[in-house]
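Here's the structure we're looking at; comments come further down.
By letter and in written order, the chains are A, B and C; residue numbering begins at 1 in each of them.
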Amino acid sequence: MRKNIQKGITKTALFLLGAAFCIPVLFLLSGSVMSRYELTESLMPLMADREELIRWDFIPMYPTFEHYIRVLFQTPQFFVVFWNSVKIVICILAGQLLIAVPAAWAFAVYPFRFRKILFTLYIVLMLMPFQVTMLSNYLVLDGLGLMDTHGAVILPAVFSTYPVFLIYRGFCGLPKGLIEAARIDGAGEWTIFRHLGLPLASGGILSAVVLGFLEYWSLIEQPLAFLKDQTLWPLSLYLPEISIEQAGYSFVASIITLIPAVFVFLSGREYLEQGIIASAMKE
Amino acid sequence: MQKTRRQKQSKRHPSIWQNKFRESRYAWAGFLLPSFLGVCIFVLVPFLDVVRRSFLTAVTEEWSGVRNYQTVFSNQAFILAVKNTVRFTAVCLPLLIGIGLFLAVQLSRLKKMQMIKSMFLFPMAMPAATVVLIWKMFFARQGFLNGGLLAAGLLPEGSFFDFMGTKAAFWVLVFSYLWKNLGYTIVLWLAGIFSVSADLTEAAKVDGASERQCFWRVIFPNLKGSLYTITVLSFLNSFKVFREAYLVAGSYPHESMYLLQHLFNNWFVNLELDKMAAAAVCVGAVLFAAILVLQKLWDQDGQSQE
Amino acid sequence: MTGNKKRIGALLLALTVLAAGCGGQGKQDGEDPAAGSTAAGMGRYMESVFELPEDMNRNGGLNWLSDGDLTAISFGEGLYRSEDEGRTWKKEETDWFPLLQNVYCLAAVMGPDETVAASCSGGMSQAVRDIIKEPVEEDWEGNYCVFGMPDGEIKVVDFGFSQEDGSCIQSFVFKEDGRLFAGDMQGKIYEVDIEKESLKELFEAEQTAGYVGFSGEILMATGADRLYLYDLEQEVLLSQDQTVDGFISQMLPDGTVSYTGGGFPLAVTGSEEEGVIYIACKAGMYRHVLGGSTMEQVIDGGLSAFGDAYSSIYHVKTLPGQEFMVEFGPSTGLMRYTFDETVASMPDKEIRIYSLEENAAARQAVTAYKREHTDIYVRYEVGLEHDSGMTKEDALKRLNTQVLAGEGPDVLILDGLPMDTYKEKGMLKDIAPLLKGLGGEDELFSNVVEGCTDEGGAVYAMPMCVKVPLLAGSQDVISGMDDLEQIADTVERLREEQPSGGILGIYDAETMLRLFGMVSAPAWTDGSGQMDVRAVETFFTLVDRIYRAELAGAVPAQQERLAKEAEEMEEYGTDPVARRMEACNNVLYIPQKYARIACGYADGIQLCLDTVTSAVNEDETLDYRIFNGQKKNLFLPSSLVGISAGSPRTEDAENFVRTMFGADVQSRVYDGYPVNKAAYQAHFDAMEENGENGSMILTMDDGTEKEFTLYWPDAAQRQKFTAYVEALKEPALTDEYLCGLVYEAGVKVLEDGVSAEDAAAETVKKASLYLAE
């Protein structure tokens, strides 16, 4: 009985905490249906730097879909920009899977000579902030003729060492004995990789995909630096700094940016768990 | 005794053993090569260029030896930025990992936790510009936090705090970081917790262990791997907090919020490429050493687990 | 449970995609206009300019008569005729024009048989009433149309558009075969039967239609995001052409189809080929086959007058042999486009101009340079993309990357860029020899050039125009205000003499700090870029004294009124603080008795200097002088120009800079006073001395209203002002960030009573991080 009450309290507390985490989304939702007048009223103290506090009505007095209509139907660029984001992210994720998964396998399973140092190098490279390598990246991409194409954003990201690290952990959990046994049974390296490694590390791979999606969906610095042509810009660049005239537009654009990301992690999470539980079961 | 056994084995199956050795020797190269090539071109080469620039002057590219390093080490801004970044990391990482673990454990004891988990993950999906506006709405002078404090009577009438303009800015940043990253931290911890086979915990419970003992003695030791992953990821994400901080507080925020990335950003805008390159190389070297040490620690434990 | 979630999630995503897809419908087929071009390699349309007489500036559009003559009806002057295809024009007297004079004309066109159709709005003059058959009330106001028949008969018809719903005939268009069509404000398109004086509605567009053209028997009307195609034979609206619609949506992003000042951003016309139409817009001239899926660019806007920022299209016509005649307004002229196969289709030389934000002076220079050098492609890039996720630092980073990678611009407008850094790092070229070489008509104010020269004799940045800080007030008062300290002394003295009433009329701390900071900021940093704590402290102390003196006798009613004014400005999107930096705005407070002194910068003559001189003239006791703060004789440079050191196209870049400082471009600069002497004088010549230049109603302190007339400065005033301009010595170049810190701390001194010493120390401390980097 006590345990149940305790559990109940814990659950409620966690639920409230989670809800608190989601408050900004509520702001977005309510803001996106607010008419321009109400938005101005609410946000004016902040924008004009006055001395009063701002207000916010979660349920607007005169809800309107004008901002949605404006963004979805009257801004042809939005369509282009949205699909640019989709294209970039899908290409990056696909490329990463092709490149990073085998690399992680190599690091996890084969004790070759420079493994530690190389892996550490990979991690350090992953941690370098973009400003530092921006110019050098630019020169390399320019030299390869990729400037002002989507390739300039996609290719460096495909070879990012971040997924290698994530998936490496996934592969680490594999029992060595299994691999040896398979070898002795005469399986080739590739077969081992495909039939043994991949399924068991699917959890790691999926977490890399989900985290990767979330990161590349809101990528700002690289497209800004390498894409001059505005028709190539992804959605993340299109969100202007929110000012009064643009407030409604920005809110709606934010929501539309949010939806695919939410969708991905919602569906990805289930697979994630299934994968993890499956690998646990196998033990 | 063992030597003999091994020798006997190799004598018994020489061909198979040699075959396997040959295959696996080159196999890793096949798996690694595409990644390695790509990393070289797109990641390593630019970094080497940065290393090169650390020995040259910014625009005219004349040789200046170690002068850039000397300048950087005595540069006030650099020292401040390093201090702040270290402080930020030292505060954030344990907080995130600890709170994440705590919440994950609580969640692991519940049955239907899907929805709550999703709610925690929401912040990760929010774009930077939106987050910035929300923070402004909360933490500016005219923001909700002030309003709340006023209503709760904690703030004297008429005085508004601009949180971003005082030392509190540091904690706003920490809060922002925690808010964004708790979600996946919890997910990863949960994954780790659940990967511990249920049999073990059942057995422990049968033996009379309490929940707490169950956790610390049975589950926790198995979480080292997750801990390693989460630490590195959290460290990486502590760098990502820059864009939001920059959008909220500009290029020159309050002193306590001034991180390495602010410095790099400003140096680049002002064409101080030489200093930036030298600083980056230093930071890179330190990170390299730190990660090597971490790896040693983990691998020691990690090996014993596997 | 999870399956449902997935389904919901998938549904959401699908909805989003669909919704976004609907929005992009038009874009699907339309090609990126920059992609199309003429045949590879050779051949380009060359532009020949036919200047139109100035009196023809505002006209109703070109009319092509059946006898080969061209006419145009100027709203101010009457009918002009050209018998040689537009090269020369003669004014003609007509019977019908007197009816259109002194009336607001919305449209005035002539048909192939010389029938005239005009639409006017307002009251009816006596001449009009004499013609109209029915009696009309005395104060009738509305929309009526005047028709001049080829046989001399003049008709006036009121089609019944009422004033209340704002509708009226907004445009008339004649078809080649003489049929007349009209469009009203609400988007309806009619065919007009002049004989029967009736309108027949053909169709209704969503809003007021823009340019109307014809392709065979199809009438084409431009909408904000589509082209209306009406078949005159079948009398039915044809289905939309997706490609054209998408193209138009892209070219008219803000939905404006016509300009209130005349002209259109986009025009459409047919050609001798059936089903082939041409669309003229900012990006150039495009060819399209109705029903097809491509827009082919035949004339590149970047290489012709189409791309000029300030021109709009008045009329487009295709001539036999695939030539074009385009009328640009309001003063650009007539352009004839002929295809020349011997010229390369894209100029092989290119020159790049860069500015962080849109700069009008640079645009003028680009237009002028393009005209003179048709073999060079001029690419003008604006760095900061508003309405996007880009911040100023992002734009700067991108610029730096490009420059360091060797792909940077050749000529830079340095406003907003870290000029000091560029100078330090050797990124700018020394343009002193270039500037010294400008003589004769291109001569610049030597004191400005001197002011921009550094110790080594080099000039790295030269402003295209300057703003002049002025101080106005009663003569005996301002003569003793030679620097900031004297200003503080005088203000305190004035306060003693007059315990109540506004002195400067400024009650906002930030405004006051910025005003005096305008002419004091250069004193806050010493030669090496470090901050001078003493100077900052002095600034705070002095401005504090002024502020205190001002507040000591402030009249609450005045304060309130000013505060309300500021609030209203904010709601309309104007920055009230910025407005109070202008001398012309502030000087009006003196006759209104809100202030006794006024200071600020002057950036022109029209509505600027004339305000100051008019105020001074009206009141004998008033005078003006140069405004000095902690520094004296400063000028505020604007649109600073520099040449990139790494640019390989030195000669072209230098030529471009010469164009920028040439009399022609400089006379079109309105962001300050041109540094080119001839252009500067030309600005004064724009109007006759003492000419009346409008008037405004001033609300006095006690609520009464007074009319204030603006007069153009006369010779004496011109001389006096010019003497001031020539006495200016130093440019007020300031670091925006440091100034911001000073103002922030200053507000605390003025409002919160923080001591000047502490505030200065705090400022320097905050700045230390910035300077330490």
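By our rule, contacts are C-beta pairs under 8 Å (C-beta built on N, C-alpha and C of every residue); 3 or more make two chains touch, one makes a residue touch a chain.
This one's a predicted model, so the numbers in the text were calculated from it and none came from an experiment.
Among all pairs of chains, A-B has the largest number of C-beta pairs in contact. Relative to subunit C, the chain whose mean Cα position lies farthest away is B.
Averaged C-alpha coordinates give centres for subunit B and subunit C that are 50 Å from one another. Note: centroid distance subunit A to subunit B, computed from Cα atoms, is 15 Å. Centroids built from CA atoms put subunit C at 43 Å from subunit A. Looking at subunit C, residues 2, 389, 391, 397, 400, 404 sit in touch with two or more other chains. Taken residue by residue, subunit B touches two or more other chains at 129, 247, 265, 267-268, 273, whereas all remaining positions touch fewer. The residues of subunit A that reach two or more other chains are 131, 134-135, 139, 220, 236, 239-241, 262, 266, listed in rising order.
Looking at the complex, you find that subunit A touches subunit B at residues 7, 10-11, 14-15, 17-19, 21-22, 24-25, 27-28, 43, 45-46, 50-54, 56, 98-100, 102-103, 105-107, 109-110, 112, 116-129, 131-137, 139-140, 144, 155-156, 158-162, 164-166, 169, 172-173, 175-176, 183-184, 188-190, 193, 203, 207, 211, 214, 217-218, 220-221, 236, 239-242, 250-251, 254, 257-258, 261-262, 265-266, 269, 272-273, 276-277, 279-280, 283.
Residues of subunit C touching subunit B in their complex: 1-2, 389, 391, 393, 396-397, 400, 404, 418, 421-422, 425-427, 737, 766, 768-770, 772-773.
Listed in rising order, the residues of subunit C touching subunit A in the complex are 2, 5-6, 9-10, 12-13, 16, 19-24, 26-27, 32, 225, 246, 249-250, 385-391, 394, 397-398, 400-401, 404-405, 407, 570. On the subunit B side of its complex with subunit A, the touching residues are 16, 20, 23-24, 27-32, 34-36, 38-39, 41-47, 49-50, 53, 103, 106-107, 109-110, 113, 115-134, 136-137, 140-144, 146-147, 150, 160, 179, 182-184, 187-188, 191, 194-197, 225, 228-229, 232-233, 235-236, 239, 242-243, 247, 260-261, 264-265, 267-268, 273, 276-277, 280, 284, 287-288, 291-292, 295, 299, 302, 306. Contact residues on subunit B toward subunit C in their complex (touch as defined above): 58-60, 75-77, 80, 114, 129, 246-247, 251-252, 255, 258, 263, 265-273.
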